Structure formats: structure tokens, C-alpha cells
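As C-alpha cells, here come the structures.
Next come two complexes built around subunit A: one with subunit B, the other with subunit C.
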Partner chain A sequence: MRVPPGVSQSDFSAALAEFETVVGKQWVFTSDEDLDLYRDAYSPFLNEPEERIASAAVAPSATEEVQRIVRIANRYRVPLYAISTGKNLGYGGSAPAYSGCVVLDLKRMNRIIEVNEANAFALLEPGVSYFDLYRYIQERKLKVWIDCPDPGWGSVVGNAIDRGGGYTAANYRNHFDSHCGMEVVLPSGELLRTGMGAIPKADTWQQYKSGCGPWIDGIFSQSNYGVVTKMGFWLMPQPEAYMRCTVSLPRYRDLGPMVETLNYLENSRITAGFPDIASPLIGYPPIAQIQLWNESGPPHMTDEHRKLLTAVDLGYSRELEAYGLKSQIPYWQLWLSFHGPMEVIEAQWQATQRHFAKIEGAKFSIVDRVSVPLDPAKIEQFHEPEFGIPSLRAFSIGARTPWNPTPSKGHMWFSPIIPRSGAAIIEANRVFSQAARDLGMPLFRSFTLPACFWERSFIFILATPVTEDPETNKRYREGFKKLIEIGGQHGWGEYRTAPVFQKSVMDVYSFNNHALQRFHETLKDAIDPNGVLSPGRYDIWPRHLRGKPS
Partner chain B sequence: MDRREFCLAGAVMATSFPVAWALPASSISLDVVIFDSRFSIARTYGAAASHSGRKTLAIQGDVTALWRDDLRLRWAAGAAAIGGMTTERSLFCLEQLAKDHWLRVRSRRSVPNEPLVCWVIGGVDA
Partner chain C sequence: MNRLPRGLGLSFFVVVAAAMILLGRGSWAEDPQTFAAGRAVYTKWCAPCHDPGVTHPGTNALTVKYKGVKSGVLLEWKDLSVNTVKVIVRHGISVMPQFRKTEISDQELDALAAYLARNTPSN
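And then the complex of A and B:
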């Protein structure tokens, strides 16, 4: 039997026996075969001694059981690591940040407590997946949409706590921002409700976020200050129609004005759907088309075009631009989507065109204009998550196809936040592509475009492969850390990362001699003096483990 | 289940290699057999499984509909062993989904000269 570091065999056995009295023997897992299920399938330490491994797992079915487990863990100083469904592959999966933790697996807590159509919200337990919630809504024919990541197999609560994103309208895509109210088991075992939930019998828990006084919900995301056992979410009323359009721009220099115009239109809510920046000339697809490209291959490119692409600098050469102008291939293409009554989105599209028409040579087209709900027979023509429909098709991206003959064994997401400007896109490409070349990392090879999950910033989301070769994985890990450091030197930080990189990422958030980190630790010491909850998550360590290897 | 040999040579059908090689022994209780119908050998495998009385379901790489309409409900109702011949990627996806029900891959073998694996997913006691 594996034993958590610093815990005696007898104490651990006693704790496990008490866990069994809480949840039943069948929901406490200690065999290697069972614990293998909690390994991170994309671990950058795949099959190496440093891979983060659990010592046991316990799966409660109710909040009260979580409270009892946390109290037992305190009594025996057994570290727990809470997961919802553990599907955040590329960001750590279900493996603990600190080897030897007992995984507190919440997937049996899978009740959909309420979906309120009139006020468009849901109240969920952490084991509810996007598929579960979608099905619940469809079965009851409720006219609300969820916003799901891609793939959509994970927990709604877990993804929000990890600050994941989706693909529908701007005010729903940021999953943490669209939550409203939490129930949290504190490290002491005490139960807390945030916002209006702190008022007994309040029926506005999912209608007003902050309540009165300090609004503390944020400290329970990407942290280890409590176990979230219920969480409310605002849902999007089902729109009447959906329209997807493109704005095509002919010149490299149009990137800056394109972003500025997009920012104005988004911040004014003239366009609110997921904006997707592509470059047909560079051969860079919109996110929504990646799986189609992978399945069917990229659009045809002439030999001349391909040759020109080998000689670009930061995505540019005069010759490539001239070729694009001659061949009517846009340098940039912005895919925009609109949700709402048809007369409203038509008007939004008109206004959008008027603004982009200020850029010389801008061309416009409507790709799709459909009523909602979609005909189920046609949904596969679309990127399902843009309609709030969970899908697993994203896995085709990594599948072996004629266009991807050697798929990797997994990946680590490198995902820095950069400013929302064309200049920042080019500067980040300059810095990261040079660094990636120097480090031998398969990232930023030609020119990389950011994603627009969040309204006010850009994010690069780049997969660093995990291979079966430990030496290659080691080189990529070290390179990944170096990229984090280089990004930090330019003011760019990751929005989320796997446990193995959390220290490197948090080191970048260093203003005033790491005041933020020190505040995190002060909170940790006050809230969780025994350090039993998810030690090391986002580099927040309890006092007795600080400075020690994980 | 891992102590049994699921990919028995010549176990079931008088079909050509590697279908018979790949098909689980008829004594093994599988609730459903999955095959990727984009591949000829997998279609043959599916047909052989069907001929041997097993319920079969076809996919084309993506397992979304299989998960949404069948496996999610099947596994929620109880641990059900399933087998199949798919790409590694489809199996990876199913393997991760199976974890939600404390099920795991009990057998996994590459199909020679094909980008496919034959596999069985089940519980500890299967």
C-alpha cells in the first residue's frame, strides 16, 4: 500500500478505515490497479519516478460525507486532493499536485439540483458533466444553452474552478465569470455558502453574485482553500438564430486595425459570439475548422504558395503578400458569430461590416445563417461547442490521419495571456518563436494566432507534445519552463497550467517580491493550518511543505 | 478479465487472420462490441462479432454519439464490459470515459499493419 509522505502506516490505515465508514468500503480505493485510474494520461513525467501519483482515492456521494472526510484527514494529517471528474487533460488530469495525496473524487456527487429556465441558471454538484447537463436540458426541452469546452466530457464545476472557457457568447464563455454562488467545504470541515447563499432561505443565490461584503468566490478557484460542493451557473437563453460570417483582409498590416475593430465591436456587444482569427495565406485555420482539417486535410495550396511560406519572417514577406493579393487569398480572416433574433443579428452584422469597411480591401461573407435549434442531422457540419453542444470530436485532432501520421501521446498546454492588439500578436510571435527555436520546442514554428476565449485579452493555447521518450519529455519540460520564464520577462503569464509547471508559472506573478504568493500562503496558513487540502495546487503549499520537492 | 485471453487465435470464427485473432472468445461476456466502420478489417471484425451473437455498434473515429446515446447510460446502470476494434485515439477517449465508472482497459493489442487496436474495457472483476 502506498502511504502519503510524513504519515505513518498505522495512521494512514486508520484514516482509510474511517473513510470507509463514511462512504462504504467499495468507495475507498487503494490497489495499484484502481489508483492507475487517477494517473494523468498526459503526464509530462509519463512513467518516470517524478510522476505525481495518489496513495488512495475516496469517492463521497454527498456534501456531508465530504465534511466528514475532511475532518478525518485533519485528524490524521492525511493530504487530500480534490477533483471533480479529472478530465482537464493537458492541465494535470486527476493526478495530485503532491504525490501521495488521497484523491477526493467528487464524481459521485452528480446531482443537477436545479435548472431554472425562467431565470436561466443552473445549480450543480461537481460530478455533473457537460454531457449530463446538456442531456438534462434536452430531455426537458428547456430553452437554455450551456457553454462547454472542447472536448465537453468534463465537469461543469471543475472546469469553472479551473477557469476554463467555451465557445458561445462572450458573457458565458468565461466559465468562472459566469458562475453565481458556491457551496464550499472548508479545510476545517465547516460548510460555507458564498454570495446570497449566505442568507438562509435566500432564493437569489444564483441571481446575484457577490452578496454583501468581501466577494470571496475567486479564492476557491485554482487553489486549495476549500472543496466546492455546489456551484451556480448562468445559462444562455436559447437564441432564435445563429449567423457565422467572415471578414477577410488582404494585407499583413491589417492585423492591428482588425484587432482594434474587433475589440470595439466586442466591447460594445455588437458582436458577442466566439471570434476566431485565421490566416488563409499563412495556412492557419480558425479553431472551429481544425478538426475538419485534421479529418479531411487542409485546403489545397499551390507549390508556389508553399514555397513562399518557407521564406516568411513572423508570417510576412513582401512576396507572400503580393501572391495573396494576386490570388485573392486573404492574409487575415476573422470568423464572427452572432446569436439572437434574426433581425437583430442581421443588424449587428451590418454594423460590423460598416466598421470593418474602414480597412481597405475588406471583404465580407456569410458562411452560415440558421434557425436554432439546429436540425440534429446537420449538427456535424458545425463546431458543436459553438452551439453549446458537448462533443468529443476534438480528439480527432490528435488522431493519426494522412495529415497527422505521427500523433503524440499527449500534450501539455502552453497558454500565455497576451494583450489584445495586433502588435502584441507579432511581438509574442517574435519572442516565443525565437525561444522555441533555441530550445528545440515544436511550438511557434511559423506564425501563431491567438484564441479569443476571453473578451479583453488574447490567449495562445499551444500543445507541447508528451512522447514515450523520457529524454525528449525532459527536454520539453525544461523548455516549457523556460518559455514560461521568457513570457514573464515580457509581462505575459499563463492562465492555467499543469501541477508540474505551477511553481514556474506562479513565480512569474512576482510583483513586489511575490506579494501575491505570500498572501496566498498567509491565507493557506489561516484556513488550512494542517495543510490537508490539495497541497501544492498552484504552488500554494502548507507551511510544513514549503520549499520541499513535491 | 485481464487474466483471460481476449484476443485468442482462432477463437471464434473461421475467418481470416487477424479477425479471428482479434475477436474475444465467445465465452467472454461483452455487452457490446464497437468497431470503426471506416476500416475494412474492423467492419469484418464487427460482422464476425455480430454473427457470434454480440450486439455491435459502429463508429467512425468520433465516439461522441456512442458515449452520449449508449455507453454513458449503459455504464451508469452498472459496470458493463465492452470490446472493440478502433483507432488508438478512439480507445483513448473511451478509456478516459470508462474511468468515470472505475472501469479500465483490460486487454489491448495492436492490429498488425493497421492503425487499429482491439481491446476490452471492463471492471476489476470482469
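And then the complex of A and C:
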């Protein structure tokens, strides 16, 4: 039997026996075979001593069971680690941040408590996946959209409290921002509701976010201060129509004005759909179309074009630009999408063109103009999440394809936040491409473009492969940590990361001698004095484990 | 146990089995009740990656891996054993992760494996 560090075998056995009285014997897992199912399938420490592993797992089906489990854990000082659906692949999966934790597996808490069409919101338990919620809405023919990330089997609640993002309109893409109201089991076992949910008879829990007084929802995201057992979300009313357009720009110097114009238009809500920056000339796809490239192959490129790309500096050479102008291949291409009544989105597109037309040589094209809902037979032509439709097509990234004959074992996402400007894109390329070369990491070809999930900032996402070879994984892990450190030196920090990198990332958030981290620890000591809940998550450790290796 | 009507006996089974082989199907492959539970598990957990077509990354990967020797569509395989399905689901392979018992229970996995192995003669 595996036993958590610092817990006696007899105490652990007693705790497990009590867990069984709460959830039933079949939902407490202790065998090696069962616990292997909780390993992080994409762990960069795969099969190495440092891999984070669980000592047991317990799977409640209701909030009251979570409360009882947390109280038992306090009595025996058994560390728990809460997961929702455990499909946070690339960011830690279902494994604990601290080896020896009992994984509190909330997958069985999968009730969709309410989907309200009249005011477009939902109230969910953490085991509900995007697929589950989508099916529920479709079966009832409700006219609301969800906003989902690429992998549709993730938890709606879990993704939001990990601060993930999606692909529809700006005010729904940030999944934590689009939540409204939480129910939380505190480390003491006490139950808390936030916002209007704190009023016993309120029917506005999912209609007004902050209630009155301090708004504390944020402390339950990327943290270990409570177990979120219910969470509300604002949904997008099903739009009448969808239009996807491109703005193509011919010169390298157009990158800055393109981003500035996008910022103005998006911050003014003239365009609100997922903006996607590509470079046909450099051969860099729009993020939402990577799966299409994996499925059908990248666009054809002439030998001359390919040769020119081997001699660019930060994505530029005079010869490449001249080739693009001669061949009418845009240096930059911005994909924009619009949702709403056709007459409204056509007017938005008109205004968008007027603003971009200030950049010399800008060209415009409407790629798709469709009414919603989409014809089911045509859905696969599109990137489904841009229509709020969950899928697993993104797993073509890293999988075996005709263009990738050697699949990886997984990947870890390096994803720092950088400013929303053309200059920042070029600077991030300069800094990280040099670092990747020095570190021997295969992250760059000619140039990388950022993702535009959030308003006001970019995510400069780079996928680092996980392999079967421990030596290669070690090199990539160490390189990943170095990239985090280098990013921090330039003022760039990750928006989210896997447990094995959470210390490195949080070290970057160091203003005033790590005042933020010290505040996190003060909260931890006050809320969870026994340190039983998810120790080490986002590098927040209980007092008795601080400074010790995880 | 119910007995077959006199005169159908062995020859009936031979004819049915021969018809199934000619149709390229394993034993009882089309009995909707026998495999309903397994099909439901497949639809929920496997279909998004393994249904036919290049938009399904599992199918795409298997198509490339087997280079035309056999189909990339799991549902068409005739050499998939119950045990292989169970091992892959519980251990994962390549970018496919393993599945926990809170996702696919042992009972559901039995049903899934029986469904996916329905075309394999030894099963």
C-alpha cells in the first residue's frame, strides 16, 4: 500500500476505511493498477522517480460526501488533491502536485443542475464535460452556445478554475471571467457560496457575479483554498449568423499597425470573434486551423519559397518580402469572425475594412458567411469550437499523421503572456528563438505567432514534446524552466502551467520580494491550517511542507 | 434451455455462420441488444477520435501506421482482442491517455471490449 509522506500506515488505513463508509468501497482506489490510472499521461517525468503519483483515490458523487471526506482528511492529516475530469493534459492531467496525495476525483459529480435559456446561464458540477453540456443543450434544443477549448472531454468547471480559454466571442472566451457564482467546500469541510449565492433564497446566483463585499471567487482558481462543487456560467445566446473574413497585408512592417488596429476594433467590440493571426508567406497557420494542416497537409510551397525561408532573420528578409509581393502571398493574414444578425455583422465587417484600409495594400475577403445552426453535414469543414461545438480533433497535434510519422508521447505547453503589440511579437521571437537554439529545444522554425484568446494580451504558445526517452525529457524539462526564467527577465509570465513547473512560474511573479506568494501562504495558513488540500498547487504549500522538495 | 426446432440443428448454424463469413461479419455482430452497452461506451468515449474520417485523429494515426494493410477505423478491425482493448484503454498509447474507472468502469470496459472485438473470430 502506498502511504502519504508523514502519515502513519495505521492512520492512513483508518482514513481509507472512513472514506469507504462515505462513498462505498468501489469508489476508493488503492491498488497500484488502479492508481496508475491517475498518472499524468503527458508527464515529462514519465517513469522517473520525480513523477508525481497518488497514494489513493476517492471518488464522491455529491457535495455532502466531499465535505465528509475533507473532514476525515483533516482528522488524519491526509493530503487530498482535487481533480474535476482529470483531462488537463499538457497541464498535469489527473496526477497530484505533491506525490502521495489522495486524489479527490470529482468525475462522478456530473450533474447539470440548470441550463437557463431565457437568461443564458448554466449551473454545473465539476464532473460535467463540454461534451456532456453540449449534448444536454442539443437534446433539449436550447438556443444557447457553450464556449469550449479544443479538447471537448475536459471539465467546464475545471477548465474555468484553471483559467482556460475558448474560441467564440470575446466575453465568453475567458472561461473564468465568464463564470458567475461558485459553491465551495472549504478545507475545514464547511460549505460556502459566493456572490448572490450567499443569500439563502436568491435566484440571482448566476445573474450577478460579485454580490456585496469582497469578491473572493478568484482565490479558488489556480489554488488550493477549496474544492469547487458547483459553478455557474454565462452562456452565449445562439447567434443568427456567423461570418469569417480575412485581412491580408503584404509587408513585414505591417505587423505592428495590424495589431494596433485589431486592438482598437476588438476593444470597441466592432469585432468580437476569435482573432487568429497567420503568415502565409512564413508558412505559419492560424491556430484554429492547425488541425486542418495536420489532417490535410500544409499548403503547397515552391522550392524557391522554401529556400528563401531558410535565410530569414526573425521571420524577415528583403528577398522573402519581394517574393511575397511578386507572388501575391500575404506576409500577414488576420482571420476575424463575427456572430449576430446578418445585417449587424455585415456592418461590423464594413467598419473593420474601413479601419484596416489605412494600411497600404490591405486586401479583404469573406471566407464563410453562414446561418446558424450549421448544417450538421458541414460542421467538419469548420473548427468546431468556434461554433461552441466540442471535439477532439486537436489531438492531431503530436499524433501520427502523414506529415508527422513519429508521434510524441504528449506535450507540455509553454505559454507566457506578452503585450498585444507587433513589437512584442518580434521581441518574443528574438528572445525565445535564441534561447531555444541555445537549449537545443525544437520549438521554432522561422517565426512564431501568438494566440489571441484573451482581449488585451497575447499568449505566446510553444508546444514542447514529451518523449519516451528520459534523457530527452530531462533536457526539455530543464530547458522549459530556463525559458520560464528568461521570460520572467523580460516581464513575461505563464498564464497557466503543469505542477512540475509551478514553482518556476510562480518564482517569476516576484514583485516586492515575492509579496504575492507570501500573501498566498498567509491565506493558506488561515484557511487550511492542516494543509490537507492540494498542497503545492501553484506552489502554495502549507507551512509544514514549505521549503521541502516536492 | 430452449431447443431448436427439430430439423434446424447443426445445418442451420452452418448456413448462418457461412452467411456471416460471406458478409464479412463476425458472430452475432448485428444483434443490437448484445452490444448496445458497448456501443454506448464507444460513442461517448472513443468515437470523437476513432470514428471514420480524417477529422478523427485516432483513425488518422492508425491509417498512417498500418499503411493500407488494414483499415484505420477500429470498428472495421477483425483482429482486435478483448484483452488488447482493455490494455490500451487502461494504459493509453501515444497521445491517447489511459482512462480511469470513474470514466469507464470495469463493467463498461467489458462491454466496450466485447463490442470492439465482435468481428474477431476468436472472440
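As a working rule, the second predicted complex is superposed on the first by the 549 of 550 C-alpha atoms of A that agree within 3 Å, B and C clash if a C-alpha of one lies under 4 Å from a C-alpha of the other, contacts with A are read in each partner's own complex, and residues count from 1 in each chain.
Criterion: a contact is a pair of C-beta atoms (placed from the backbone, for glycine too) under 8 Å apart; a residue touches a chain by one contact, two chains touch by 3 or more.
Computed from a prediction, not measured in an experiment: that's the story for all the values here.
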| item | value |
| --- | --- |
| Three-chain arrangement built on subunit A, subunit B and subunit C clash or fit | clash |
| Partner chain in contact with A:Ser221 - subunit B first, subunit C second, else both or neither | neither |
| Subunit B versus subunit C as contact partner of A:Ser296, first or second or both or neither | second |
| Dominant contact partner of subunit A by residue count, subunit C or subunit B | C |
| Which superposed partner A:Tyr42 touches (first subunit B, second subunit C, both, neither) | second |
| Touching partner for A:Arg393 - first (subunit B), second (subunit C), both, neither | both |
| Contacts of A:Gln517 with subunit B and subunit C, given as first, second, both or neither | neither |
| Subunit C-contacting residues of subunit A that also contact subunit B | 29, 33-34, 36-37, 41, 85-87, 89, 94, 107, 131, 153, 295, 391-393, 395-396, 398-400, 407 |
| Contact set on subunit A toward subunit C in their complex | 27, 29, 33-34, 36-39, 41-42, 57, 59, 85-87, 89, 93-94, 105, 107-108, 131, 152-153, 291, 294-296, 380, 391-402, 405, 407-411 |
| Contact set on subunit B toward subunit A in their complex | 61-64, 67-68, 72, 87-90, 92-93, 95-97, 99-100, 102, 104, 115, 124 |
| Contact footprint of subunit B on subunit A as seen in their complex | 29, 31, 33-34, 36-37, 41, 85-87, 89, 94, 107, 129, 131, 135, 153, 295, 384, 390-393, 395-396, 398-400, 407 |
| Residue ranges of subunit C in contact with subunit A within the complex | 44, 48-49, 53-58, 60-61, 64-65, 90-92, 94-103 |
